[in-house]
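In the two complexes below, subunit A is the common chain; its partner is subunit B in one and subunit C in the other.
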Partner chain A sequence: MSQKPLIREVPPASWYFRHPRYLRYMSREITSLFVGAYCVLLVFGLGALAGGKESYESFLLALQSPLSIAFHVAAFIAALYHATTWFNATQVAMKIQIGEEFVPGSTITGAHYVIWVVLSVIILLLAGVF
Partner chain B sequence: MKERVIQLEVFRYNPDTDTEGHYQHYEVSCLEEWVVLDALNKVKETLDPTLNFRWSCHMAVCGSCGMMINGEPKLACHTFLRNYPGTIRVEPLVHFPVERDLVTAPDDFMEKLKRVKPYIIRKQKQPIEQGEYKQTPKELLRFRQYSMCINCTLCYAACPEYGLTKHFIGPAALALAHRYNQDSRDQGRDERQEVVATKEGIWECTFVGACSEVCPVHVDPASALQQMKIASSFDWIKEHLLPGGGK
Partner chain C sequence: MAQSKKSNKPVVWFPFAAGGTVIAFFIPVIALLTLMVALGKVPAGLTYAGLHGWLADCVLAKLAVLGIVALSLWSSAHRLRCTCFDFGLRIDTLVATVLYIAAMLGSIAAGVFLFRL
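== the complex of A and B ==
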């Protein structure tokens, strides 16, 4: 290396504005905050359930507030985005070789979507939606 | 053949006189079929012999002419002028120290590459009389893609993790570790894991995926790193959760 190389620092708080692909990555990561927040909400729900009928009913009532509904809509959109970006990424992480061929990426990602739908239907069945 | 006057904004830095880099404008007549490297060579030959940049093969094999072209890490020999209607801004690869103009210092990458031991390791070497280590096409396929790396370091310029966290071993070196781990002739995975399965290695990767998007030879380092994460997670499960440490 030369005596005086030029070092160009990466801006730690704004690097993701440098390229659209970094913004896409950050949006995927940020959606996980909604997924995490929804998990916390479920824990509170379990706590309310453990506290008896009255506390659980007041929890259910709180869920009907406009703020809660807005949060649920936002969390649902974020969870959908999060899930699709990760399912699309599974074909990068999983290379399944059969003989002298690799299973096509679309098959691996497609299988994840199928499992997602099947599990969602089972959960909705158990929840008595149908 | 059609000619076009190309507007180039080229990053300049002279370590003997400058403390900062600056951009210099060049206007050069080029054939439409040319690549950015041809335009830079014409600038050097006809307008400004002081302009510095690396190149060698002009056919995306040597990996020398990596630079940022309109903000994207690219091989200048592989980037056609016809795809750039406006001014073309050429900078040295980001995340590396600049030696002079478009020349960067790859020393950090070279040091990290050595650390992952990118060569076949045998616990016991076979005597030469026993012949070569044989491999089936199926075994070759397991690692072939990762052996295509030309060490151009575009993936390091694309990886924000490497830009922010200098101890990260980075995409190309880790993909090469995976290449040897996947090789049926190799027995060195345990040695490599000491470097690979650490916070400097695969666990620093947050799967941005930019490395694979910019790779000019489709090595797909992001895939290699995620596969190593899965394999290392299974190692941990075997060691900590299975009776007898999975042995």
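== the complex of A and C ==
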């Protein structure tokens, strides 16, 4: 007699349509594709920079193609989505206890957002955007 | 699974978590900067003179950029591995090997480029 444990059959490639929560999870998973591709693009940018002025400037020019613009918009949105969900999760992932009390989750997440905005503004300033 | 076998999870997981934080803090603003380039408005810091000036003589800046790129690559590789599995691609060893090697090669390339400046 076979001793088969009770296992529910789960469709391996379409399980996430079963619940909106799974869909949100998967949409966050997909952001890694854009962020990963964007990081590869950054490595190519560094390569172009190391190749000298001409190669770097042709790299900058190549970035202005319509396909590149669309990719950058997608990568930016994906990065934003990753960042906000990551910061929202910090209050669950890193509980901070002071004495008997836990620091409220909103404080932990809020602190991350504040640091994020300050860092971003500093980088934009250093890059000469303002 | 044998009890004595040590898990390699912490080794993979730490750079993943660090990379997730680095991506969250830095990639949106960097993507915004290169989006400006894509739209034809090159910020002063991203022109050849500007960026080369930032990176060529400052080891600390090189290390910071290398850290951001390497950790982001590693974290993305790990997340892509999980994503492949979640989409039903059940060849985890192959996927993990390819992605981790790609992340390592990308990090090494970034390091070589940065210190060749």
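The definition used in the following text is that the second predicted complex is superposed on the first by the 123 of 130 C-alpha atoms of A that agree within 3 Å, B and C clash if a C-alpha of one lies under 4 Å from a C-alpha of the other, contacts with A are read in each partner's own complex, and residues count from 1 in each chain.
By definition in this document, a contact is a pair of C-beta atoms (placed from the backbone, for glycine too) under 8 Å apart; a residue touches a chain by one contact, two chains touch by 3 or more.
Everything quoted here is computed from the prediction, not taken from an experiment.
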Subunit B versus subunit C as contact partner of A:F87, first or second or both or neither: second
If touched residues of subunit A are counted for subunit B and for subunit C, the larger one: C
Partner chain(s) touched by A:L49 [first = subunit B, second = subunit C, both, neither]: second
Touched partner set for A:R21, first subunit B, second subunit C, both or neither: first
Partner chain(s) touched by A:V114 [first = subunit B, second = subunit C, both, neither]: neither
Touching partner for A:P12 - first (subunit B), second (subunit C), both, neither: both
Touched partner set for A:Q64, first subunit B, second subunit C, both or neither: second
Common interface residues of subunit A - those touching subunit B in one complex and subunit C in the other: 12, 16, 29
Interfacial residue positions of subunit A with respect to subunit B in the complex: 1-8, 10, 12, 15-16, 18-19, 21-22, 25, 29, 89, 92-95, 97, 99-100, 102
Parts of subunit B lying in touch with subunit A, wherever the complex brings them together: 13, 15-16, 18, 20-21, 71-72, 94-95, 97-100, 105, 107, 137-138, 141-142, 160, 163-164, 206-210, 212-213, 220, 222-223, 226-227, 229-230
Residue numbers on subunit A that touch subunit C, as the complex places them: 11-14, 16, 26, 29-30, 32-33, 35-36, 38-43, 45-47, 49-50, 53, 56-57, 60, 63-64, 68-69, 72-73, 75-76, 79-80, 82-83, 86-87, 112, 115-116, 119-120, 123-124, 126-129
Subunit C to subunit A touching residues, read off their complex: 20-21, 23-40, 42-46, 48, 50-52, 54-55, 65, 69, 72-73, 76-77, 79-80, 82-83, 86-88, 90, 106, 109-110, 112-114, 116-117
